[in-house]
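Per-chain numbering from 1; labels A, B, C and D assigned in written order.
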Amino acid sequence: HRLDPRVKLLGTLIYIISLFAFHNIASYLIAGLFLAVIIHLSKVPFSYIVKGLKPILFLLLFTVMFNLFLTPGQEFVRVGFIKITLEGIKTAGFMAVRLIFLIIGSSLMTFTTTPNHLTDGLEKGMGPLRKIHVPVHEIAMMMSIALRFIPILLEETDKIMKAQSARGADFETGGLIKKAKSLIPLLVPLFVSAFRRANDLAMAMEARCYRGGEGRTKMKPLAYKKRDWIAYLCFIVYWTLLILAAKIN
Amino acid sequence: MAKKTSLLVITALMAALTCIATMVITIPSPMNGYIHLGDGLVLLSGILLGPIYGGMAAGVGSMLSDLLLGYPHYALPTLVIKAFAAIVGGIIYNMLVHKSFCKKYHLIPLIAAGIGGGIIVTGGYFIVASILFGEGVAALSSVPGNLLQNLFGIIVSCILMPVLTHVPAVKSMLAREA
Amino acid sequence: MSIILDHVNYIYSQGTAYEKHALQDINLKIEDGEFIGLIGHTGSGKSTLIQHLNGLMKATEGCIYYNGQDIYDSDYNLKELRSKVGLVFQYPEHQLFETSIIKDVKFGPSNLGLPALEVDLRAYEALKQVGIGEDMIDLSPFELSGGQKRRVAIAGVLAMKPEVLILDEPTAGLDPKGRDEILNLVSSLHKENKITVILVSHSMEDVANYVERLIVMDHGKIMFDNEPKKVFTHYKALEQIGLAAPQVTYVMNRLKECGQSVNTEPTTVDEACEEIIRWAKKKGILLT
Amino acid sequence: MGIIKAKDLIFEYIRRDEEGNVEGINRAVNNVNLDIEKGQFVAILGHNGSGKSTLAKHINAILSPTEGTLWVDGMDTGKEENLWNIRQTAGMVFQNPDNQIIANVVEEDVGFGPENLGVPTEEIWERVENSLKAVGMYEYRTHSPNKLSGGQKQRVAIAGIMAMKPECIVLDEPTAMLDPNGRKEVIKTIRELNQTEKVTVLLITHYMEEVIDADKVIVMDKGKIVMQGAPREIFSQVDELKKYRLDVPQVTLLAYELRKKGLPIPPGILSVDELVTKLNEL
């Protein structure tokens, strides 16, 4: 939970790559075990994670079905003209497990990290990219401002929708084109508001001496702590185990 | 006021708008998430802000909406795909908008840009789905939803653009681009 | 014609940790042609209340009757209700969106499905009422000054010919002159067009000068509902909920506390002036 | 020379029509001369469009004069190289609190200014703590600005400026979007900063009640300074103020009317207490 966001970002990335790089039963077992340990450590309630899986349930089923029925190979069971192959079962199984791990893995990161931390992590983590003229600071600053204005503009959207409804606007019914047209009374004021806010904010930032990333100090500089190094070590161990498992296989 | 700060903030606000457009007007579809207005905003970001900043706004905004809506596994591909779509859309629009025949039918560059961006989005998500769910039909199932979304995006942009260009703030921005 | 609220309750995010009882057992009768002031500090439930009156929000419990009909009946036409109960939100100019003033004002009436001629007629009339000249109607609404924009936005609601007009802090952010202009406009709409007006405001002074009936809300409940003069006699209770009476009420009350024989009823400068002069003459400070 | 001094300041902007052709020139600030002493509380009154905001933006070097000069602590705002020093010396608070808070956590927002100035990390923390305490928002330091009331947000914005340790703060209608309670909070905060931290305050507003404690009131109309003086002097001229689309607090108006009717009370009454005392003395 209190890990440096850089660790979490990189860790998630490593984990996702590992899922695609190795696919055999042993490595998936290791991956599953690893995930279980992390879930335990992160203290995110299990029910939360299961809830996160809900929206993809249908997708999962769909994927499993497709791979189950459409993978060619040795026949296993046959009902009428539908046949299930051994390979089909295998691929479907792998697919399902991989998908579930992937989603749990990535949602774990979002559960334990606030978007703000993520922004910080990104800015620092991408630091080396600055050398090749990627405006890392600007991207991070932009993300942070976007995050700040999402709730504000969301509230504004709600207000405008209500105000236009009071003038008889109808956002609910009609076909695609009518619906698109009905959005104009919502979108134009929203744009105008966003631009007005942007103008104000840019002025306020300059009034507070903002002049880009150069020469800035940080109020909360990110520093690796002991537990961050331990986490890195864990990832190395995890990766080695995977390679070993692949070799044995 | 320094242009840089102002452009940075406008990009951030466009990202916030993109995120909201993706989140607010959603019709859940069981196949691949939801139909929303996000693609329209991706397109407009590319057009209003130009390829670089538009790409940033579109990518980041869409990614944030994935994170906030609980589709974190899509976040990274979304960032890349939507950014790329906005870039392509922006470039196509800027290429066509000064052509003489487009002066008469000012929707042509917009539609062309929308189609360009749409191809990127649909193709991009197809590739992602192929990696996630295996190649073939399962991945293909993402296509119709994305196409519909793009169509919706293009329609909204076509209706919105002419009205937006009358808004002073937007007008001055388009003038600066030119 | 009237609006009746019968035991109306509204609870935000019911069943979650953020549950909030925004309206608690509201009973209210609003008669035809009244001019009502609605006050309360931020979060007192006044915005929630006015959004119930035109059906934008639906009560968790209780009924609302408009002209004797239950607006929550399944066959009740909510769209028609919204045209009859016009609601002007705070900073209404932020909702302008069309390319010209006249088009924007037409938006409301054309949503009602009226014939084009009628829509035109209503739009022109509404703009005239708010004092926007015919020479301006083709301008973009974004080119106007703040006060003008606001009047155009109000015209957009007036063009729907509401029987009841609700305004949520229509003077917010305006300078004193702009504020007086808007309030006079509202007052003349009430007098000349016999529209029922509900004015939501933070300013006691404004309310005291204009309205005939004052409703004070606190924590989702109606605290006072009476003539302004009567309500302001409870100025100490008002202070406790973060509101205040007009300054002149304090002057009169303080004078009385000091043993002067004055009537504490005045709530406007004119009334107070008259009363103090009367007192001064009686005391012989001022010769008659 | 005072901390803010303007000499023959003129600012013009060019109006353009649809095609970008010059339609006319607007003179938003017209020949303004101004001298504000260190530590003063000065209020600028004027209706919307009277040029008061334009003047304020000059003090922060957001705009630079078309003609004439403005000095902030002796620095000419027209000179590019002074820009950042001026902005640090004269901080600016704007109308809409939502549109000037940058970060997603209160303390991070207050730290934004010092970060830009390149202040070392430890000192940033110190400054953030002090300025949050000065505006009474310390206990909210880890909150999200979105959850705060308007008055609280505006106080955070003020803390954000205070953390830059300015000599002077300019507040451009900081209460226009707030409810009465929020307005009271903010005005009280500003007055305290002026008295305890000795910052020079320039408050721009059109609410008369907010300026009765100012050392000096300036009234602007059509880009010009039309009245200048102590609040009592200014508020005794009710008719004059009405001419400039302004009004006075209700008691002041009542006292003025009573005086007109012949009651012997002094001009420029500013508070309920004052009026009651005077009436009792009769």
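Here is the rule we use: a residue touches a chain if its C-beta (ideal position, glycine included) is under 8 Å from a C-beta of that chain, and two chains touch if they have at least 3 such contacts.
Keep in mind the model is a prediction, meaning the values are calculated, not measured.
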Highest C-beta pair count, chain pair: A-B
Whole-Å gap separating subunit A and subunit B, where each centre is the average of the chain's CA atoms: 19
Averaged-CA centre spacing for the pair subunit C and subunit B, given as whole angstrom: 42
Distance from subunit D to subunit A - Cα centre to Cα centre, in angstrom: 44
Subunit B residues counted as touching two or more neighbouring chains: 1, 163, 167
Subunit A, residues touching no fewer than two other chains: 145, 147, 184, 188, 192, 196-197, 201, 203, 205-206, 210-211
Residue numbers of subunit D (touch at least two other chains): 62
Which chain pairs touch, all of them: A-B, A-C, A-D, B-C, C-D
Residue numbers on subunit B that touch subunit C, as the complex places them: 163, 166-168
Residues of subunit A touching subunit C in the complex: 156, 159-160, 162-170, 184-185, 188-189, 192-193
Interface residues, subunit C side, partner subunit A - complex: 51, 54, 56, 79, 82-83, 86-87, 89, 92, 94-97, 107-108, 111-112, 142, 156-157, 160
Residue numbers on subunit D that touch subunit C, as the complex places them: 47-49, 149-150, 176-177, 179-182, 206, 245-247, 249-251, 253-254, 257-258, 261-264, 272-273, 275-276, 279-280, 282
Residue ranges of subunit A touching subunit B (in the complex, touch as defined): 20, 52, 55, 58-59, 62-63, 66-67, 70, 91, 95, 99, 102-103, 106-107, 109-110, 115, 138-139, 141-143, 145-147, 149-150, 153-154, 157, 176-177, 180-181, 183-184, 187-188, 190-192, 194-199, 201-203, 205-206, 210-212
